Structures are given as C-alpha cells and as structure tokens.
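This report refers to the structure that appears directly beneath it.
The letters A, B, C and D name the chains in turn, as written, and every chain counts its residues from 1.
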Amino acid sequence: MIKEGMVLTFILELIMGIALLVVVKRARAGKKIPVIHEIPGLKALEEAVGRATEMGAPIMFVPGKGDLADAQTYAALPVLEYVAKSCAEYDTRIIVPLGVAVVYPVAEAVTRQAFQVSGKGDAYRETDVRFINEQNWAWAAGINGIMEREKVSAQILFGAFWAESLFLAEAGNRAGAMQIAGTASTSQIPFFVAACDYTLIGQEIFAASAYLNPEPSTTGGLVVQDWGKMLGLVLVLLGSILVTLGSNAIAELMLK
Amino acid sequence: MKREGPVALLMISGFLYIISVIVASPAMEPVAATLDDWYKVVVGFINLVGVISLTQVNGRAVLRRSEGWFYNAILLVVLYGYIILGLVGGLHNVAFNLIYDNILTPILMTIFSTLTFWIGSAAYRAFRAKNADAAILLVAAVVVMIGRVTLGSAISPAIPKAAEWILNFPTVAGMRAIEMSAAIGGIVLALRMITGLERSFMGFD
Amino acid sequence: MSNDIWVWIGAFLTLGTYSILFKDNPVYRVLEALFVAILAGHSVVINWYNFQKPTLTGRLGEGKEWTLIIPLFLAALMYFRYSRKYAWLARYPMAFLMGIGAAYVLTKNLKPMFLAQARATMLPLWVPGNIGATINNWIVVIGVASVLTYFFFTIRKQGPVNAFSRVGRIYLMIAFGALFADTVLGRVSVTLVRFQFLLQDWLGLGM
Amino acid sequence: MTIFEKLDSLDRRWVFAFQALVFCIVILKPVGLALTVGDQVRTAYETIDSLPAGSIVWFGTDYQAANAAELEPAALAILKHCFQKNLRVIGASTWPEGGAMMARLLNQVTPDFPDKEYGVDFLNLGYRPGGQVWLQQLTDDLPAAVGGVDHFGDPISEYPIMDGLNKIQDVALIVGIHVGTPGTPEYIRVITDPHNVPMITVLPAVSVAVTMPYLASGQLVSIVASLRGGAEYELISGFSGTAMTGMDSQSFMNLTIVIFVILGNIGFFYNKYKKGASGGGGANV
C-alpha cells in the first residue's frame, strides 16, 4: 500500500499535520497553546529605527535572496512589515532592494500596507521598494551602490543569503550603518556573526517572525516544530543508549 | 477566484503529487511524472519575468533621467544587444562566447575575489575576545585557519590534527543539529502550505 | 607585458572591479551594468536553446503533445503581474509551483535530512578499550542534543534546560569559527587566480 | 595615541593593502611548502580509479563563473582522470550558467585527449530548468527529461553515448560540482539517497562544514574541497595544474589574517586595560 522506505515519513508527517491543525484550531478558538519566548536581538530592530529617526537617514531592509518557495522569505516578510510600520510611525524612510523578481510584488505590498495601516500612506515612496537583479552579485553590488549614495543609517539583513552576505555586511559597516542580520543559510551565519551588531542564528529567524506576528498558523507551526525537534532529541539519546547496550532497533527503524 | 482558487490549486497539486509518490500503485506513477514535467515547463517559461522587471526598473530610470540614468541606459543596450546576438547567432557564435568568457567571467571572478579582502577586514574588526562566546569562536577559527593549510603541519603536526578534530566532531554535531532543525522547519512550513494555512505568497490586497 | 588584447581587457576589467574596494566610482558602475546585462542576457539565450525551443518545436510542434498547453497557459498567467487589474491571475502559476514544492519537501526531506542524521548520531557511548572514540561519540551525541535544545522556542529555558541550551550555543560558536576559517581558504584561492592573472599573464612577472 | 591603541582600529584599507602585498610576494617568490594527500581526496581518486572502462560519470556542474577559480582545478583533475581511465563523461546542470562551465572544463581538457570524440566519449547536455524536479525526472526517464538537445541546442539522438542510458541510476558515479541550491542536498534527497547512486562532491570551502554531516552519515562518498582538494587531486593523479602553486598563498594569507586578528585583540585588551572601555569592534559574538 505505502511505498517501502516511505512508511515512517508518512506516519510522522501525518501526526505532525494533525498536531498542526489541532494546535492552530485551539489558537483560533482562543484556547491556550505554548507561547514563543522573546528572542534576544529583536529589541535591536527598534533601536535601529530609533537611530535612523534621530539621524534622519533611511533604513535598508534586505529580505534575502530566497524565492517564494523559501521558508526564510516568509520569515522575513513579517519582520519587514514590523520594521516598515515603525518607520512609518516615525516618518523614517525604508529602502527595500529585492533580488528575486517574484518576491518584489509581495514585498512592495507588505511595505505599502504597513504605511497605510499606520495612516502614512502618502509617505510611502513607490521607488523605495525596488527590484535590482536576479543575479546575486549584481544585486549585492546594487545594494552597495544604494548604501553609498543614500547614507543609510541601519541595515537589516533578514532571510536567505549566499556568498554575497559578507559583501553586504561589510558594505553596511563601511557606510557606518548599524547592522542586524538573521539567516538560516547556515554557511553564511559566521559572517553575519562576525560583521553585524546583532545576529539571529538559524531557526531563530522563524521564531522572531512568529513572535512579531503572532497569528495562529505561524505560532502553531512553531509549536509543532519544537515537538519535532524534541522527537529528534529523544531519538538521538534513546538510540545511542540502545546502541551502547547492543541493540540497533531504533537505528534500523529510521530506514523504514 | 482571486484567493480561494490559487489555494485550491496549491492543495490539489500538492496532495495529488504526495499520494502518487507515497502510494505503491503503478496507476499513480504517471501522475507524479506529469506534474514534474509541467512544473519544469512552468519554471522554464516564466524566466522572462526577470528580464521584464529589469527593463522596467532601468527603463523608468532612463525616462525619468534619475541619478545615474546613463548606467541604466548602458545596461539596457547591452542586455538587448546580447540577447539579439545570441538568438540570431546561436550558441556556437564566437562573439557570444567571447563576450561571456572574456568580459563577464573576469568581472565576476574579481567581484567574488573581493571577498578575501572583506573577510580579512571583518576578521580583524570583529574577532575580538569580548566574551566567552567570542573567545570560543576566535580560538576555533584560528586553529582551523592554521591547521588546514600546509603551513600548519610545518609548525607542528598537532595543529592539523586539532583542526581535523574540530571539524569532524564538534562541527559535525553542531551542523547536524542545524540541518535536523531546518528539515523539521521546512516540513512544518510545507504542511502549513498544503493545508492552506500559509497564504502569504499571494501578498496582501 | 602581454601582447594579447584580451589579456589587456581582462586586466582593465579586473582592476576596474577591484576599485570598489576603495569606493563606488563610475568605472565600477559601468562594469556593474555590463555584467548584470550580460548575465541576464546569457540566461535568456541559454534557456531558449536548451529548453524553450526544443519544447516548442520538438514536443509541441513535431510531437503534438497538446497537454503541454496546460503548463504553458499557467506560465503565461505569470505575466499578468504587470497588470494592475489582473495581477491576481499570476497567483495561479505561483500556487502550482508551491504546491509541487511543498510536496517535494514532504516526500523527500524527512528521511535523508532528519531520520538518517538522527540515525548517524546513534553512537555507542562506551567503546571498549578505546577511550578516544568513546569521548568523541559523547561529544557528537551531546552536541546534536544540545543544539537541538538551543533551538526550542516555546519552552521556557530554565535551570538544566537553559544550561544544556548554553552548551548548544558553545557548539554553534565552535562550528561557526571552523566554518569561517574554512571559508577563508576558499576565498583566497579565487583572489590568487586574479593576482596570478595580473602579475603573470598581464605583466609577465615571476614566470 | 600609542601604537597599541591604533591596533584596535586600523583602517580597513591597511588590511586590504597588506593582503594584496602578501599575494604578490607569494606568487612571485613561492616557498614550496610540502603537500600531503588527505583521506577525502584519496577516497575520491580510488573510487574513480576502480570504475570499469566505459562507465559513465555524470558531471553536475551546478556553479557559475564566479566560483570557477576555486573549483575548476579539482574538476579539471577529475575530468582528466576520467578520460585517462577511458570513462565516458556527461555534463549537465540545473544552473543556467552550468552548461558554459562544463564547456570551459572540456575546452581545457580535450586538447590533451585528441582521440576523445564529442557524443561518443563525452557530452555536454547544458542547462535545464526545474532544479530538483528535473533531477527527479532524470531518475524516472532520462531521455525524456533531457529533451533531445545538448548545450548548444543541437540534437543528440545520433550520439552513441546516450545508448542504454535510461535513468540516471545507470551512471556509475556522480561528480557534483556544487556551490548552492540546487546542489548537494538536492542530489542527495532525489538521487543518491533513494537510489544509492554514489556521489563525490567538489565543493567550495564555505560549503564543507555544512556538508560534513552527510559524509559522516555515509550519504556521500567523498568531498573534494576547494583549491586544496584540487591540489591534492593533482598530486595523487600526477596531472600538473594550477592548484599546486596556490597552496603557499593559502598558508600565508591565513597567517596574515591570524596576525591581524591577534593584533586587533592586543589593541582591544590594551585599550580595555588602559581605559576600561570597550574597543572598536562591534560584534555580538
């Protein structure tokens, strides 16, 4: 019935799917579900907006190089919404340079809506959310150019990044901008850790995003993710103990 | 049509694909194969979106004579000139390949190589033993930096061994846990999409 | 010094690109426009010859695979995003791509990325007669477990859980240090090739 | 301001200039540090060396010109080794630039092997869209997934190398030259893990640590890493190339960076000791 090698995948994902629906349903009904604890580093976002307002200089929000099939892009968008809202409230400019054509209209809508919600729809500048290039080096070079011309006060790098990460972070540093980064692109985390003022590491960006935008679907997703990680923890510990005792039962189960 | 239609299409195509892959039935196999093929065709034919966006952004800059419009004009001329050159001349065309190999390649390689310099200045600027976390990162980085090059073994055979150990044990453990968390994160997102909970791909309207 | 015009051009392009290390300047911006345009143009041409043309002339034209009209129609809807009124039509191809994308994640990722990795971490915590291997196995098992704990977000990290999560952060810092160091190696090689080109191919030094 | 205080906040351009100087010196006056072949490269070499003549090796060239300097030496040495062992090579890519990258490799290697014929001993299929979905198609029906043309858009039906190649599982080995997505994880998820096709990956140094878990779990045969992997492969296979000359520069550049890190820390601690204030760095690590 179910293909060999797919059984465990099927069972675990079915359980996770049901758990997700139950948690989201409970959350929507206003019942109690586990809450996300505050992520250190998020306060830095407010600090960045404050600093930009003080200096009268724009903020650069770079939502990464992921497309709309990339979870990191979805983590970045609520953060963009949050930052754009703060910017609108304090009459600060926000520049959003896009490197993925399909994300452009979404990012544009998110930013515009954030300004409208804050009652500053007129202050929104259409040209500040711009598509630069699909090619990551051209995109990075374009951001570098904006950085130098616009005297950006803070740069927020949030989402998926490739080798251009350090180029962007150093460009921001050279322009004297405060920098906050968050990425789950593992190979780029060290560069952000080294070059930025605050860095959200790996999965923290998803938690941060859900923390800022606590709606049932994202929060519920995070709860189920934690359960999945707990399962991983239990499997690893139990499996090791059993292997030590000479039984491969759990290890073999993983191949089902 | 505007919101429910796309969500329905997402759910149907997703579930159909999953069923045809997970169920051991020969009748279902062509379904996945067909969906794969269609996916490839859609991806292969939406590529002009990028070029149109590029044209829009740069064309607007040229028309408005905004700061640096001259560069935008160069970009457009070269973009369309190169496309025409390729479409008319074919891929055996000497000029097409010459431009790629002798103009594009050196620029791209050089841009990439500036990273060495950024890395040097970032390391100098940021690698300060300010606290325990930073000190650990610093020591691991220095040991691996020296241990992974020929100079390391020239100084002492213990250095490459230490570097190998850092990479093979603590680093593998850390990276593996990151991968496992990422896998779960991706799966939960996919579940949210396929159950219609995640709709932000449609933007806001 | 080289006699080859292309080497001179290459040297000019290399030095022009390096000028960004000092500051943004007109030469760099021209080169930037050049490479953006050539790259974008190249991918259009490649995609045409490698995929679009054979699909349209071969499969649709000669092969008469009329079902291909469905995905082609979906792809065409994508271009409505330039219309203010009909931009919502572009959601259909997006939705299709994301449905298949989600199905791929759900059918392909769990086993190699999670279950197989958990399995590879199930190591004997006592290797008789080999204290070194025993310690290394402990290091891997504790590392994976503690980093997983570090990434719990809906559990209040107190007492032993917090301590274990701190251990996870130490592992992450070691891993990032190693990753940073390893990357230096790779980047250096790219720069080396550019310097070899400038010094040897162009200036003819140190051959 | 004393010299120690300055050490805390040197202008980045001094760092740049010093690095450039080190590159020039190392290229003009190489020291010639000894190199040894590591286990990873040895495994890769032995895997290819043990393949029977005529086997097909699949080159997944999923990278772009920016990465060529780092990966080409290893890719070239492996490609030469394949030709020397009379293995047949097919190149293909999920990246739009990958076909041009395979063409670059072949242009550099084929002059040394004049008897090798296009379409018989090697083939460049070029780029196809779809990423991992295309890889999945290769496991179901390779000729249909390829769609009848090569990198140049020319028909491939006459080429004997395609005879009997119905699925990618029919190839003896995959050599993945990967830098991002699609790359090694996609190949593992779609091809090598479910179908047990052996794969060697040629990776930039930045991807190595991230990929190590897959090597440790046995889902990969070997990782040939960066320029050093290329140099080691040149050494073990006896093909001289450009990577060997690069190893000195890697050593001295790493040393340069380590020295700057140490100088920065001396300045940092000196200032901290003097003033009790924090230094010029600005990281949260």
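To be clear about the criterion, contacts are C-beta pairs under 8 Å (C-beta built on N, C-alpha and C of every residue); 3 or more make two chains touch, one makes a residue touch a chain.
All values reported here derive from a predicted model rather than from experimental measurement.
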Touching subunit B and also subunit C, the following chains: A, D
Identity of the chain that, by mean CA position, is farthest from subunit D: A
Highest C-beta pair count, chain pair: B-C
Subunit A and subunit D, separation of their C-alpha mean positions in angstrom: 29
Between subunit A and subunit C, centroid-to-centroid distance (C-alpha), Å: 17
Intercentroid distance (Cα basis), subunit D paired with subunit C, Å: 13
Residues of subunit A touching at least two other chains: 5-6, 9, 13, 68, 102, 105, 133-134, 137, 141, 149, 163, 173, 186-187, 190-191, 193-195, 202-203, 206, 222, 225, 228-229, 232
Where subunit C touches two or more other chains, by residue: 20-21, 29, 32, 35-36, 39-40, 42-43, 46-47, 49, 51, 55, 81, 94, 97-98, 100-101, 104, 106-107, 109-111, 113-114, 116-121, 141, 144-145, 148, 151, 172-173, 175-185, 187-188, 190-191, 193-194
Numbers and ranges of subunit B residues touching at least 2 other chains: 21-22, 36-37, 39, 43-44, 47, 49-50, 54, 56, 90-91, 100, 104, 108-109, 111-117, 119, 121, 123, 125-127, 133-134, 137-138, 141-142, 145, 148-149, 167, 171-172, 175-176, 178-182, 184, 186-187, 189, 191, 201, 205
Pairwise touch network: line, ring, star, complete, or other: complete
In the complex with subunit A, residue positions of subunit C that touch it: 20, 23-24, 28-29, 32, 35-36, 39-40, 81, 87, 94, 97-98, 101, 106-107, 110-111, 114-116, 118-119, 121-126, 137, 141, 144-145, 148-149, 151-157, 172, 176-177, 179-180, 183
Contacting residues of subunit B [partner subunit C, same complex]: 1-2, 5-7, 9-15, 17-18, 21-22, 34-39, 41-52, 54, 56, 68, 71-72, 74-83, 86-87, 90-91, 96, 99-100, 102-104, 106-117, 119, 123, 133-134, 136-145, 148-149, 163, 166-167, 169-184, 186-187, 189-191, 193-194, 201-202, 205
Complex interface listing, subunit D residues touching subunit A: 12, 66, 179-180, 194, 206-207, 209-210, 282-285
Touching residues (chain side subunit D, partner subunit C) in the complex: 13, 16, 20, 23-24, 27-29, 66-67, 69-70, 96-97, 99-100, 126-129, 132-133, 136, 147-149, 151-153, 185, 188-190, 193-194, 204-206, 208-210, 213-214, 216-219, 225-228, 242-243, 245-246, 249-250, 253-254, 257, 285
Residues of subunit A defined as touching subunit C within the complex: 5-6, 8-9, 12-13, 34-37, 39, 68-69, 102, 105, 133-135, 137-138, 141-142, 144-145, 148-149, 186-187, 189-191, 193-194, 201-204, 206-207, 210, 222-223, 225-226, 228-230, 232-233, 235-237, 239-244, 250-251, 254-255
